[in-house]
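Questions regarding the structure given below will be posed in turn.
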Amino acid sequence: MNAESQFTKKDFVPTGEVKWCAGCGDFSILAQVQKVLSETGKSPESFAFISGIGCSSRFPYYMNCYGLHGIHGRALAIATGAKVANPALEVWVAMGDGDGLAIGGNHFVHAVRRNVGIKGILMDNRIYGLTKGQFSPTSFRGQKTKTAPMGTVEDPLDPISLSLSLGGTFVARTQDRDPKHMAEIFRRAHEHEGFAMMQVLQNCVIFNDGAFDDWCTKGKEEHTIKLVHGEKMIFGMENEKCIIRQGFSPKVALVAEVDANNIVIHDEFAADPGLAGFLAQLNGTHGLPMAYGIFRQIKAPAYEAEYRRQNDEAVAKKGPGNLQKLLNSGETWTVS
Amino acid sequence: MNAESQFTKKDFVPTGEVKWCAGCGDFSILAQVQKVLSETGKSPESFAFISGIGCSSRFPYYMNCYGLHGIHGRALAIATGAKVANPALEVWVAMGDGDGLAIGGNHFVHAVRRNVGIKGILMDNRIYGLTKGQFSPTSFRGQKTKTAPMGTVEDPLDPISLSLSLGGTFVARTQDRDPKHMAEIFRRAHEHEGFAMMQVLQNCVIFNDGAFDDWCTKGKEEHTIKLVHGEKMIFGMENEKCIIRQGFSPKVALVAEVDANNIVIHDEFAADPGLAGFLAQLNGTHGLPMAYGIFRQIKAPAYEAEYRRQNDEAVAKKGPGNLQKLLNSGETWTVS
Amino acid sequence: MNDQLQLKDLDKVVIRFSGDSGDGMQLTGNQFTSSAAHHGNDVVTLPDFPAEIRAPAGTIAGISGFQLQFGNQRVNTPGDFPDVLIAMNPASLRANIKDLRPAGFAIVDLDAFDERGIKKAGYADGVNPLDPEHTLGKKVIAAPITSQTMAALESLDMPKKDKERCKNFFTLGVLYFLYDTSPDLTLNWINVKFAKKPLVAEANTKALHEGMIYARNSGLFQSQYRVGSAKLRPGTYKSLTGNEATGLGLVAAAERAGLKLFLGSYPITPATTILEEVAAHKDFDVKALQMEDEIAGICCAIGAAWAGNLAATNTSGPGIALKGEAMGLAMILELPLVIVNVQRGGPSTGLPTKTEQSDLMQAMYGRNGESPIPVIAAKSPAHCFDMAIEASRLALKYMTPVILLTDGYLGNGAEAFRIPDVNELPDLTVKFRTNPEGYQSYARDPKTNARQWVKPGTPGLANRIGGLEKDKLTGAVSHDPENHDHMVRARREKVEGIANDIADLEIIGDQKGGDILIIGWGSTYGAINNKVNRYRAAGKSVSQAHFTHIFPFPKNTLEVLKKFKKIVVAEMNLGQLNSLLRAEYAIDTIPLTKIQGKPFTEDEIEVVVDKLL
Amino acid sequence: MNDQLQLKDLDKVVIRFSGDSGDGMQLTGNQFTSSAAHHGNDVVTLPDFPAEIRAPAGTIAGISGFQLQFGNQRVNTPGDFPDVLIAMNPASLRANIKDLRPAGFAIVDLDAFDERGIKKAGYADGVNPLDPEHTLGKKVIAAPITSQTMAALESLDMPKKDKERCKNFFTLGVLYFLYDTSPDLTLNWINVKFAKKPLVAEANTKALHEGMIYARNSGLFQSQYRVGSAKLRPGTYKSLTGNEATGLGLVAAAERAGLKLFLGSYPITPATTILEEVAAHKDFDVKALQMEDEIAGICCAIGAAWAGNLAATNTSGPGIALKGEAMGLAMILELPLVIVNVQRGGPSTGLPTKTEQSDLMQAMYGRNGESPIPVIAAKSPAHCFDMAIEASRLALKYMTPVILLTDGYLGNGAEAFRIPDVNELPDLTVKFRTNPEGYQSYARDPKTNARQWVKPGTPGLANRIGGLEKDKLTGAVSHDPENHDHMVRARREKVEGIANDIADLEIIGDQKGGDILIIGWGSTYGAINNKVNRYRAAGKSVSQAHFTHIFPFPKNTLEVLKKFKKIVVAEMNLGQLNSLLRAEYAIDTIPLTKIQGKPFTEDEIEVVVDKLL
């Protein structure tokens, strides 16, 4: 971050109306992105925002940057091309849970695995907003929508676990109703070199209102925990609860009742993937709290950087490509 | 399994030539599937084999069962429809690492997540066989192929970790050069109700010969470990090595040097996902051995069964659908 | 009763409701529709959804519209231009006033025309939207709808917001009075709907009554109108949207075939409501799977077709673009599959909430290789029911995927659907092959050229099929060049043979031929028909032929074309059917094209046809 | 020199090599090709890969073939039927003998005709494949190739298997002698290739020499042949396959445009070698991404085009079916993008290793909505180079995706490529917009109708574009009906305007018109041309017109068509170009279709054309 950025949030706000429903959680995500980027010291034109289709995918229109509103589910593939073609661009992708994990699931998997230098915001409202309220891959089992009138019969997909299983180098969760926390995650993503996977729990007031209330509204302290690097994992209204290890899984215990040494300490930068995988279970199910924060961030070469390195090596070895030489190469014969 | 099956392996072998290259690992997978199914006591016609495109995807032609050779990457989606339409069919899917994890990655993700009652054999040769040797999502970083002349710049995808992160209810690994072990896994898959994900390391003699030699040929004992339910995780030529826990990750230690109680004990049926996630790290990288066996098997309702349950409930509640009644329902008016 | 009000008879009326997404315009429109239909009118309706879920209140982007036409004869369409515009706020007035017929009038909620509302609608500062300059000189009746509603509900103990919500029922009351239509149906609906919220029921009922009274007494209206009942075919009717009709048609087809229905789908505007309709009928043991994408949607349907279900998949244009490869697979497997495309404005994401007919060529050719698939199209919302059954019939009889084209206009639009006697629906009974004797998986029925359907699991018939070229009899993979040539032609011949099994192309008008034939397909039927009727009433030799079967064309097509001096092909695209006809018959035709997200108005047809007369 | 051997002069010769995948037939064919080319012949080649990677040795499924034609004039094609068949085993003889010209001869490796080999080839027990009954009376020269090779290498200390491997060089030696061609090039190649394995080099060299000697002395051959050198345009040549040429063309286009090349791809037969060719040129800083599927392949290319690269994607028919939706996006974004389809046998998976021209309609229409994309096609392997540059030129100049159609026959086939002087290649220099003053993202160049290209990152020009319909100037999302109508037509007009910027359709033959015009496109050029030349030599009024630009058609197309009495449209499909011509010009044409995985033979053209003469 640049303390003396010459830009303000306003520089990142284009003219034109924002067309989300009043009260939609997307507004607050947008505001924090605009704010955080204005503080980086980089010009709005240095950023590219790419998206697919969905309410959330309107995001690029609302950033005064370069923007590409693509087709449903393909934002990460488009973004991969843009980033490899021009690594100097800072590429952000906004995607919905349907866009990014249903139709776009395969590109998600491979972008994470390749560690492409993209900041990916998954605006997860656990519903299809734009098409008016069908269940999504993150909807909980049993959720009733018109396409599942008796409730879905599918378990939800957890994008945190998924990303970690793919070797994700930056895997984080935040929520639309905690602007400060969001800003912190966005800032860290901005600084990250590879793929930054950010799940943002986002309230859709029209089709899935209150889906995250347990973890975002009054009393949430009882069911949520913030991951803070180097700190003991303690939570609860009075900081009375903590996370310990039982077997190979996390368990909630009372601070008063356990040996302080048994309380798990968070390490964002752990080289081995074990801790992050363990913490991924903290997703608000099975009596465990919902964890916010960065599950894991490791340094690893970004895809586009490695690609560039190879090309540079090839040039260093063979000299910069000479077209005439290339055409003339190989077995030739001359007709006169 | 049916000890007195009326069928023999021959009943599962159709006429017509098998057209894989001599020495291809696919032969041995085929033989074990034929053998295991002939022992189930079910007729060849009770089985449906569905595939996409690839060398491995020729599988259905080589089984004397009902077979559908589909299009590249889509076998699991086709199979989902067949299984939901007719849950009495025992549906097997044969897929390559490209077919199942590159173009078909999204269907893989969602079939595992939905727990559709499909037995999925991932014939993983870490290469595109049929198209003559391009790297696949499971190729190791740095592998050189004509499409990556200086080596790939991508980390491989681990289908075991991936499946576990999606809540996979049956997640196993085996290899083409251990017929007995393969047979055991296939048998267990046959008996499993939801999605059975079986990664089979398979040698492609033409384009990736020897890719698994470390873990499949002489001396393999040093680098591989068999997961056996209820047993301590011990391996090595002389059973001198074992797996212990260090932090949240597995570590190799010498049996002689650790307290026996610290040796990890495998539990295939553990209700919580921690152990399996932990064991998934045993994939032959980072100095850890390659683990074979069932990482996790849990009982959970299969997708098609839940779908059926809802329909049955609807019928129970409303009576079996009556078309005339349906058409007549709602606000009507009469013109005479 | 205000005896001052004149009672005028009208043949038909077009009303457009326009307001914020939250103003309940869809509900209001639907209620009026039902009441008019009960009254005996023919009614056709069309909602106009905003592109955004709920854009900022009061803005033009946030407008939700609903248009209906009702009349004492077949009205065919929701009408070109409204006779009456209901505008609940300034944005609605601004966006719609230009469409209002010069002889028509608008009713606006005066209370919404405050400074804020006017500004949100994008008028410049200080402008009064009700000034003739801004109403284009058209008649605007400004009624304080919100405040009248509030006043009417004063005595009720309800939050102000809830009271305000009743203004649409007040408006409905005004219209019921104006068009002399009984409110009983709506009153009944209110009671059922709000059975558990008696206060809300009371409020809405009161608002409705007060609206009627206000219309009679306010002095704002000079006339009351009466639209006589239409002479419809006797029977019991209900109002259905095209998508509901398609969904029900599929359910009906499965029943008539003795099969289970399987729909593999992925949501997309404007096709999703078919999935929702089908999913609602679990008591029929339908399987309606919302899959991870369109490819999975069609692929699971292919798996289900293979397994013996009546399988279908539905989507809109971009989804079809994704399904192309799998459609080719279904074609070469020769499995029955109904593929519904509810077309929308393209290309690419285009105009998702608008209608268009621009996916015809994609239906014909959007696959690799020679991949012939029959293409049929519905011509009205209720006709979607018949065409869903027809698509199923062809698919099952000829063992082929079939593409059914509808569009957003049909899918969302509604009209009266005459409820059929189930036993009179086509018998689609299917015979699966069960006899192993001499079975060859690609042997063809000599009449239909169809291969036989075998359910996996059937003893003695295990066979393997796939997307590679196959031997013409055994179905085994074959790389033989002559066999391939044979199969490519055999697949096409099978589909072309369907021409012998469909109705002839009908001439509406001069059976022996005449000056002009206007050709259309799909949802423009009503618009063209209305215009042709008007021409004919005026003694002009203008006839109509409307394709419901496009590939193959009906057998008598060339015969029909040859009877007319000039042939106009009217489409909401750049001339796609036109190209197909020219390619097939090498005849010259005159394209009439429009790509504006709505069907032709009569004027637009006139501009082209008059010149040819 | 055996003086008994007659020396005969020939105009051209067709040789087909056929053997097991492991027999090195591709290598042998390629070596002969190079040597003949050096000798001054024109040579065109075509490999025929088996559908399986390596089906069981000795079976028909496992055969790998390679055919070449060389001559003392332009040979145009690898030839219809071989004059000489090299069959390394019984399966090869069995599969190919029917194609051998009656006047030709086969050379077989007698050693492979043991009981096991004969059985594997599928002959009945006790059959001798060399009996005239089984050789269809054709001449077969049975040489003990393997044992002669083994004998020749007896002195070398090598495993038996490795010695056996040298039999293809022995065979090559036989051919070099027979066609009086210098072995120097191959000898040189051996030395370079096996520089690190001197023993292998020695063995192969020896085998080659022994083959030559054997041919001279064995008494099996009566004649030696000489094919004079062809009068080719002066210049330096190399042999290129169509896919190599396409890849190099893209690299060249990027250089000439001053841009970086980006190829987004996914492997698929027969298109993969383009990706492999491009990936090999990292020293040009090309990005050649093997993505997770075809959709990702084109989508990353769209991202790269947006970011300012010369972007391309390549695939075959099934891949295009998957890319349809994204092609529509590229079209509406109006970004330059080259889309290469190396067509193969369809529909569905079809016949992946065979050729076909059946994706033309898909190229034209395989997308939702009105989505016009220019379509061009290469007519020979070397022509792929030019057409890759032409596709890039159109894409960059008109800011549009462009589809380049080639096919498996072109992609795998090779011919002499005249190496151009780089400075004579078209100048494709691109001007990015950098001036913020008055920029509107969809404002069009008055001449080309193209919008301007802005590189993201450029100060002052930030803008947002997408797949929704957009305002005709600002590019902002627009739901306005008239604007949509305008844009749909504007996009088509832009593409149609390209007709003014391409060469006229050329008549090869009667410039003023005549009896018959044979129309073709793509890879059938050579086959048609050879036949037309023969007709003309016989004094018949048969001419040829070959489309390289299909959408839009060249401006003078109708003019050309009108000059001829009869028009035959020859295609390897069921008449796709034929339909397009009829739809466009409403003229009657005669389709000549063949769908057998290979181009027309002269006979096949004759059957249709003779009747019309």
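Lettered A, B, C and D in written order, each chain numbered from 1.
The criterion applied here is as follows: a contact is a pair of C-beta atoms (placed from the backbone, for glycine too) under 8 Å apart; a residue touches a chain by one contact, two chains touch by 3 or more.
Just so it is clear, the model here is predicted, and its values are computed rather than measured.
Colleague: Kindly list the shared contact partners of chain A and chain C, in label order.
Modeller: B, D
Colleague: Please pick, from A-D, B-D or B-C, the pair whose interface repeats that of A-C, with more than half of the contact pairs identical by residue number.
Modeller: Checking each pair in A-D, B-D or B-C, only one repeats A-C, namely B-D.
Colleague: What is the distance, in whole Å, between the centres of chain A and chain B, each centre taken as the mean of its C-alpha atoms?
Modeller: From the centre of chain A to the centre of chain B is 29 Å.
Colleague: From the C-alpha centre of chain C to that of chain D, how far is it in Å?
Modeller: Roughly 46 Å separates the two chain centres.
Colleague: Taking each chain's centre as the mean position of its Cα atoms, how many Å separate chain B from chain C?
Modeller: Computed value for the inter-centroid distance: 44 Å.
Colleague: Would you please write down the residue numbers of chain C that are in contact with two or more other chains?
Modeller: 282, 292-293, 318, 325, 328-329, 333, 348-349, 466-468
Colleague: By the touch rule stated above, which residues of chain A touch at least two different other chains?
Modeller: 53, 71, 102-103, 105-106, 109-110, 137, 150, 307, 310, 313-314
Colleague: What residues of chain C sit close enough to touch chain B in their complex?
Modeller: 34, 37-38, 40, 185, 232-239, 248, 251-252, 255, 260, 262, 264, 281-287, 289, 291-293, 295-296, 299-309, 311, 325-326, 328-329, 333, 419-422, 455-468, 476-477
Colleague: Name, in rising order, each residue of chain D that touches chain C in their complex.
Modeller: Residue positions touching the partner: 51, 316-318, 320-322, 324-325, 328-329, 331-333, 345-354, 356, 358-359, 361-362, 364-371, 466-469, 479, 481-482, 484-485, 488-489, 491-492, 573-574, 579-580, 582-584, 586-589, 594-598.
Colleague: Note which residues of chain D are touching chain B in the complex, please.
Modeller: Residues 52-57, 59, 61, 265-269, 272, 275-276, 279-280, 282, 288, 290, 292-294, 318, 348-349.
Colleague: Spell out the part of chain B that touches chain C in their complex, as residue ranges.
Modeller: The touching residues are 14, 16, 43-46, 48-50, 53, 60-61, 63-71, 74, 77-86, 88-89, 106-107, 109-110, 307, 310-311, 313-315, 317-321, 323-324, 326-328, 330-336.
Colleague: Across the complex, what residues on chain B touch chain D?
Modeller: Going through chain B, the ones touching chain D are 17-22, 53, 55, 69, 71-73, 102-103, 105, 128-132, 134-135, 137, 146-150, 206.
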